[in-house]
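Pasting the structures here.
Presented sequentially are two complexes of subunit A, the first with subunit B as partner and the second with subunit C.
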Partner chain A sequence: MNSKTVNEKLHSKTNVEKENIIQAVVVADSFNKTFAPASHCLALLPLVNKKLLDYTLEWLNIAGVNEVIIFCSSHVNEIKQHLSDKVYLSIDIKVLVSEGCYSFGDVMRALDRYAVIRNTFVLLSVDVIGNFNFVPIIEKFKTIQKNDKEISMMTLFKEIGNQRTDLGNNFIVAYNSENRIIHYHVQNSRNLELPLDVVLEQDFVEIRNDLLNPGLAICSDAVPPLFSDNFDFQTINDFIRGMFMNEEIIQSTVYCEILKGNNYVAKVTNWPMYQIVSQDIVRRWTYPIVPDISEKYSYSKNSIYLKNATFSQGCRLGSDIVIGSDTKLKKNVYVHNSIIGCNCLIGNDVIIENSFIFDNVKIDDNSVIRYSVIGHKCHVKKKCVLEKNCILGPLVTLNAESKINNIALISKTSSSSICKLTSFSDGCYVYENSDSEDEEIASLVCEQKIHENNELSSASEWGSSCSVSSSPINLLDDVNIFYNEVIDSLTRGYEDKLKCENLILEINSSRYAYNVTVNEVNYNILRAILSIQMNQEKPTMKEILQHVDSKLKYFTPILRNYIKNEEAQRDCLPAIEDVVFTSDKLKTISPKIIQFLYDKDILSEEIILSWFDDISKNDVHNVKNILIPFIKWLNEAEEESDESD
Partner chain B sequence: MPRVKIYQFYLIKTSILNYREVDGSYNVAVAVVNLFKNLVTQEKWNTAKDLINLIKTCGKLLVKELPLQTSAENMIRRMLKIVRDEYTTACHEQEELDIQESLHKIVTSEEEIDDYSKTVAELKDSILDHISEFHMELETSIENITKEAIKHIHTSEIILTIGKSAIVEAFLKEAAKHRKFEVIVCECSPLNYGHNTAISLSQSKIPTTLITDSSIFGIMGRVHKVIIGTHTVMANGGLRAVCGTHSVALAAKYYSVPVIVLAGLYKLSSQYLISHEDKFNQFISPESVLKYSEGILTSLVHVYNPTFDYVPPELVTLFISNAGGHAPSYVYRLLSEMYHQDDNDL
Partner chain C sequence: MLEFQVIVLAAGKGSRITELTARKPKCLLPIGNQPMVYYPLKIIEKYGFKEVFLVVLETAKSEVEFALEKTDLAINVNVVTIPYDCDWGTADSLRHLASYIISDFIVVSSDLLTTINVKSILNFHRKNESSLTAVYLQPNTDVELNFVTPGTKSKTKIEKDLVGIDPVTKRLVFLASASDYEEVLPIKEKLLRKHGNVRIYTNLLDAHFFVMKKWLIKYLTFDKNLTTVKGELIPYVLKKQMSRDNKLPSLIDISPEISPMNHQNEKKTVDIFLLAKDLDYDILAKTLSSYNDHTGDLNPVYLNDNIKCYSYITKEFGIRTNTLHDFYKANKTVANYWNKIVEQELIKISPESVIESTQFDKETCIVGSMTKIAAKTSIKSTIFGTGCVIEQKTRISDCLIMNNVVVKEGCVISNCIICDDVIIENNCTLTSCLVGSQYTVSSKIDIFLNSVNNFKINFFFYCRFLGSHKNEILAEIESLMEI
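So, the complex of A and B:
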């Protein structure tokens, strides 16, 4: 029998069963640049030495899915090339291309135009890693569909317990006895708002916050047209929210299914998640999608996976290690909790900890790499030290004895137009993402693990506070909590002499956690800095002055970071009013404080003068007399500078 | 790659891929035999060499898809042996059948090793006949093993078994038709398949006790016989059996209780134990030992959840297969009868 007749047979077979086949739509693009310096194409980002796309397909291959539609909007040829030599027995792969898609919603609208969806289908993005079978879940979907014709979607959540705050599970879902979602709320604070009327309609409501939303759903064929009708839907979450807001108009319902037990699923959304999912794979939660089964690695104690790697004398391996094929480790190399790709060459006395090293990387003697990601074909020369959060893009060559920390580097050849280029060394540039929010995510890489051990207690505290958070007693509003957190970070930073950059990160993360506006941030930063208490009981005037002076000096980088324009300056001046002018002792040194800020170019003359005009009109705190000499000096200084001009 | 497409077609058609889980090795064996029957009938091949290559390529693909199922691999070897046998029979009608029969013959044999490339008339028919015959043997294997039941289980004995095995259940139920005896089932944590066995046995009116794995040693002193199934019989007569079997066998050794292993010949593998970690065991998801929702804890501890135990041959008293009872030391002989030495590497 030749292959042609076989294909015909295959087709006739699919025609018969067309109604019953399970389709899956894989969106091969995340529409952001979270992993941009290390890999420009999400689908081809390696995770534990295998491309994300391969994980998805391998999963769908064993998940009872028959037809996979891969939807790509960029890097189409690379993806097609990658797929060309893959063999998957149970699934039929189609690649659909639509270049003009800039969001998940666009993809769904394009899907509607292509009209390839015939029945209930599985919708997922390429960065979702899982291992379970869809067939029972789809059966469940169909039984619900018999009773409720309006069901459009069934979202899948993974139960992760409420101790894991590191997985980004910041949402609350409420569903009734039939698993229909009645409320879905992305949580920015610890408070929960639940509309009472929604709850009262139901006999039984379960409210949960111990779930992970991997962005994975079983959809009816009505979903793509719904996206077309509502052009403002950009993500699945928009869709779910839209369903509740326009319940009367849209007439669709959303159900959920909680995955328990061996059913693993997670989404690689950012670097911390990348790290967590890598560890889960290495620790075999994703079984049977683990390196020793699918990639023929050998697996041994302490979760060490090896495949044709060559070791020299004195090599030491810690735990949780994957080393790809044909990688050579020279003498006295130490590796712990790291993933090393194929064809790498690791020099003598190199230390690699908690890092991800992609394929074809060369690391020369005596280098140290911790908490870093090294893109493929990089060359790290002798005696380099890469500490925390370094990300090297593909083809970067790092000069000998470089010491870098918290930086993303790319080579010239892989640069694209969206990046501003700052030269770092020859042929090597600092990568800065145009989107500041993304940059922050990227810079958080790998820090997690350090905290994890120390913060065991605080994490469980969060869990317990969470379980009672449904009670309404919580007097502090978000801004106040934020202020307290800023005070805590700054006090600790000041006492332990931490780096201001790190404090800025902390402040930023609390800012996003409590959803505080920029104006409030500016105000609260200065207020917090000025409010940090001295240790002594009864300080003399001189000591107070010294204390304030050193505080301000120490925190100048933070102030510079936040107070950048005139508006920000106006925001922070009330802080001086509120802190300095309400304390008798500080009041007397207020000119010094303002002068300091002026000298450091944090406050400009015009702003100070107009502010002074404002407060002197209605002098609540009696500060006019104290400030007058300074204002006079300022006016003179301005005139002088005007004259010299 | 049209070739691969063809194999895909066969694999999908025989729905072998549904057997990705560990249990059901009999069904896998039957499905694999059916698969190769179709392959021999429908594919175009001229010589035995072609066919051997065809089976090997398809077999490799299959082994990759079903890494847990050693019986699939065994059946592929068996099919190759059938092809080789039929070819040799057809070529050397007059000569003696087995060249490797004695050491003397191997040494004195001056004949070149045959590369199976001669065209032989009616090879296809004879191979298909042989496969059908083998298929029959496979189908009657459970029946043949259960026939032995009354020879081994006597009235008012206490039998201990572990986990879930279709053949053990059938064996005990057959014996229960004629005699009264008691069964103790170890639950086989963490997957607890023993629970299913206990339910099934008690439904057939056999007095059954379910015990935890920790009480195996304590109860062994009262047991007359241990009857267990296995996933694979290794080439040295050792077992690759469900996790917990080793402790049962050791306890039985201490109390000198005979250990009887029920295994169809399709479970006989040509593999030896090289290392406990590599290629022998399957470490499944830690979920059933420690829940993922336990949170932070999961990243701080290493959890191992192996599926199999290796039981060394000296702890096994007797194998009962469809060809009768054998001592573990006789397994090597069965191996050389069933598989061809050239097929040890697929």
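So, the complex of A and C:
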């Protein structure tokens, strides 16, 4: 069915009661480049040998939805091409295009302009995988709507238990006995603060820290106009927070629904989640959306799914394996916990563990692949070793006997003008995630942090680890200018006793003028504050202490403004190392400085402790002994604070 | 050996209802013509306890013993006294009893009027191996009583408790009063890391019914800073529950030589965790068992906690009669729940009373012995104590009349509380008034009356023509000044 026939079919159906149609809006773009080297189009990223878009449509097909609106902002033709040979029985598919959308919020505003929403609709992005029926949930939404006309959205959360991960589930939600959300808290580094008056209005307030937010919501038709009215809403989270922070202005309520038991839902936000969801599919949590039902694989014990694969003598299969059609495994291949696409050719004595291999890949003899992703039509030549977090973009040819780890490679042909290229080998370049700043702004629903050193995860922060190879000298200069300007602003502000708010404005304007990243701002602010010089010459110890104390006190509002979360805290700690530990005088009072920052809640205990562990490992500045009493005190203080409140 | 001992705390001075407690200990205030303390004792008796410790003020001992003799209680009540002028808190009272307590114990307040099922509370306590179980009553929204509380109109601020529980395991994890905070309610991140799901109730009533492990009273004898159970002991134990030292010792760590007391220190500190330590075979059982009380993380059963507090939330009927409003409400509702509490028919009209009235509503009235109600009176929805005399041509409705009250001819009284030994003279009209004990409501002109504003005593002098009063507290000034 191509898009033309889709339209025809839509027209023929216009006389069906429009009121009872359940619409679903699928946002086919994540507005970030998390999976960029492996697949440039999120909707067409393969997951267990099937495109993400197909999972979404297959799910909606069985979930009681009648009409699906796919919203694309890029790669429109590829998506349309892909849809043309798909047939779904119970859904009508409509593709809307709006180029120039840079965030989820933009999509919602475009949706408002198109005016295609007739009633309550399901809103999801293409990377959400699920298997449950929407009808009962929409019924629930409508029941609530009868009592509360203001309801605009019902977000769906999945219970995942109390293990804390950084996989995008770091949020706390508080809702009342009717499941109305009264608080939504994204940063989990600080204590939660609930508005007392709102709490007292409720019979009880349920605070949840054990949920996953898949970015899936049932919305009333009021949602797209609300996005239009509030042009600063970028994500669903902005929307939820905006709803209860401006309760007086925006008369709108948000409810939530907790999915339990067999209802599977997850969002493929990053590589670790990609791995988790793949495993969930292979282990059939997403039933009936599993390879043997939708793709006609044969399913055998130890979760092995095969389809026309050819094996040679001595092949060994572990567990949790999917091998696509017409893939050939030569002699003595060992595969474990991996997904291999269609039409692949795996050479003799190859070992593949915990890896994802897309379609049409050729792997030559004696290669070893662990915890890696290999894109379309790659060719890994003889005796290559890929360990941990290697990501090969499409069409990469890896020379024989290469040994790589923790790197992302792309081929010349697939890269258009993404970034500066650092050559790795013939026709093969290191991929750099150059625009991490933009990504931060545009990240769709969950503000994600990829877990560092996660043993299980197939990928970690490859972007940052690779950027070492390029030396951005120009950038450093800008940062230095920025640093000097900050010092100027602060010194002047300190001497003339200017208001900190004005100083923040000044710092922000210099920041944008020199295009300095958040991390560098955080680092430089503290560095500048600590480095402001005293007027006196040869001050006594006491005077230094007083000076440091008074300037820290004075600039506390500035520090508060910038250092808001754990990441920022980590950014600014090196500033202490660079300024305080390098000066003999300041070094002795370093515990006081850190204690001050701790007392003012700028640095949290955990961060200080983990930082201390790091610096004490190779104690360059000989500060370990100076800090030990403080760290001891801190350990005890935490104990005390447990007891005092 | 006894599994549970019971302590009923009845040494409250009734600081919130001074109008009523001027001449009578709080625990003897009548509810449905029985002293308040009768109800918790009856409940305890009903569930098979043979013995109970009753803590009273030393000044009230003989009065309480005398009052209890007149009731039908069969349970053996050991009356323990505490000094009157020391202002002891509830935890002080428990500490006083420490030498008697040899097993786990139940602490009940004397002002609890309830139908809760003690057996299921104890089973809940046993099942969870709880260190401390607190009972909370969920308000029953079906029964709404609308009435005006007698006395001066005052806006009673309802103190809301914030009770945080883990809805899966019913753990009590957070306890605070709404007045502790101003604009925001801070929740520790640590708490949410430990309990992924915390439900904070704002509408629960603390029944002041606690089941505690024996070691808690032992701990009280060491830590003399804790004076009240609800305000200090429980928050302290909750805090210890969150402490990182709150973990079961692994079997290797256990050595019998460790004494909970630290003798080296002059002050004699005590380690609450060592006191709370399970018996070795309990720890072994937990290690070997595959049972777990929660899902969602990989933590062992009970999150490996040594001290565990639980909350038992029930929708059963219950009132704490510690304010005038609740005291009045208790009297109005007690007849409805009598069967459930006492498990026998309520004798509403004492056979020793003399009722000549023809307009007397038998269904809604309770009359004590020796009370005489003359003819030509209209009486409804009223509780009369013993020895009252109601003369002719009076109309009484919705009142609580205690003992030995004389109402003379031609009075109209509605929605009033009238304490012991009051005389109401001819032709008085009282609406929503509270009359203190031994007071005489005069019908003469020019009487100076004192209006009392709940806690603070203000002197207001009113001039009245005829004895007509509305929303007032009528009492002798001296009796109120005492408190």
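To be clear about the criterion, the second predicted complex is superposed on the first by the 416 of 645 C-alpha atoms of A that agree within 3 Å, B and C clash if a C-alpha of one lies under 4 Å from a C-alpha of the other, contacts with A are read in each partner's own complex, and residues count from 1 in each chain.
The rule is simple: a residue touches a chain if its C-beta (ideal position, glycine included) is under 8 Å from a C-beta of that chain, and two chains touch if they have at least 3 such contacts.
It should be emphasised that the depicted structure is a prediction, and the values quoted were computed from it without experimental measurement.
Colleague: Touch check for A:D210: first (subunit B), second (subunit C), both, or neither?
Modeller: Touch status of A:D210: both partners.
Colleague: Could you tell me if A:S298 is touching subunit B, subunit C, both of them or neither one (first, second, both, neither)?
Modeller: first
Colleague: Looking at A:S319 after the superposition, I want to know if it touches subunit B, subunit C, both of them or none. Which is it: first, second, both, neither?
Modeller: first
Colleague: Looking only at contacts as defined up top, I'd like to know whether subunit B or subunit C touches more of subunit A.
Modeller: Between subunit B and subunit C, B touches the greater number of residues in subunit A.
Colleague: Between subunit B (first) and subunit C (second), which, if any, makes contact with A:I172: first, second, both or neither?
Modeller: Touch status of A:I172: second partner only.
Colleague: Kindly classify A:G261 by the partners it touches after superposition: subunit B alone (first), subunit C alone (second), both, or neither?
Modeller: In the superposed model, A:G261 contacts subunit B only, not subunit C.
Colleague: Thinking of the overlay built on chain A, is A:Q279 touched by subunit B (first), by subunit C (second), by both, or by neither?
Modeller: In the superposition, A:Q279 contacts subunit B only.
Colleague: Give one of first, second, both or neither to describe whether A:I62 is in contact with subunit B, with subunit C, with both, or with none.
Modeller: first
Colleague: Just checking: does A:E159 make contact with subunit B only, subunit C only, both, or neither of them? Give me first, second, both or neither.
Modeller: both
Colleague: Does any part of subunit A touch subunit B in one structure and subunit C in the other, and if so which residues?
Modeller: In subunit A, residues 159-164, 210 are touched by subunit B and also by subunit C.
Colleague: How about subunit B: which of its residues touch subunit A in the complex?
Modeller: Checking each residue of subunit B against subunit A gives 1-6, 8-9, 11-12, 17, 20, 42-44, 61, 65, 67, 277-279, 282-288, 291-300, 302-303, 305.
Colleague: Okay, in this complex, where on subunit C does subunit A touch?
Modeller: Those residues of subunit C that touch subunit A are 160, 162, 167, 178, 181-190, 192-203, 239-240, 242-245, 295-299.
Colleague: Hey, which residues of subunit A end up touching subunit B in the complex?
Modeller: Going by the criterion above, the answer is residues 1-3, 6-7, 9-10, 62, 87, 89-90, 131, 158-164, 210, 261-262, 264, 276, 279, 283-288, 293, 298-303, 319, 452-453, 456, 459-460, 463.
Colleague: Across the complex, what residues on subunit A touch subunit C?
Modeller: The contact residues of subunit A facing subunit C are 159-164, 172, 188-197, 199-200, 202-210, 639, 642-643, 645.
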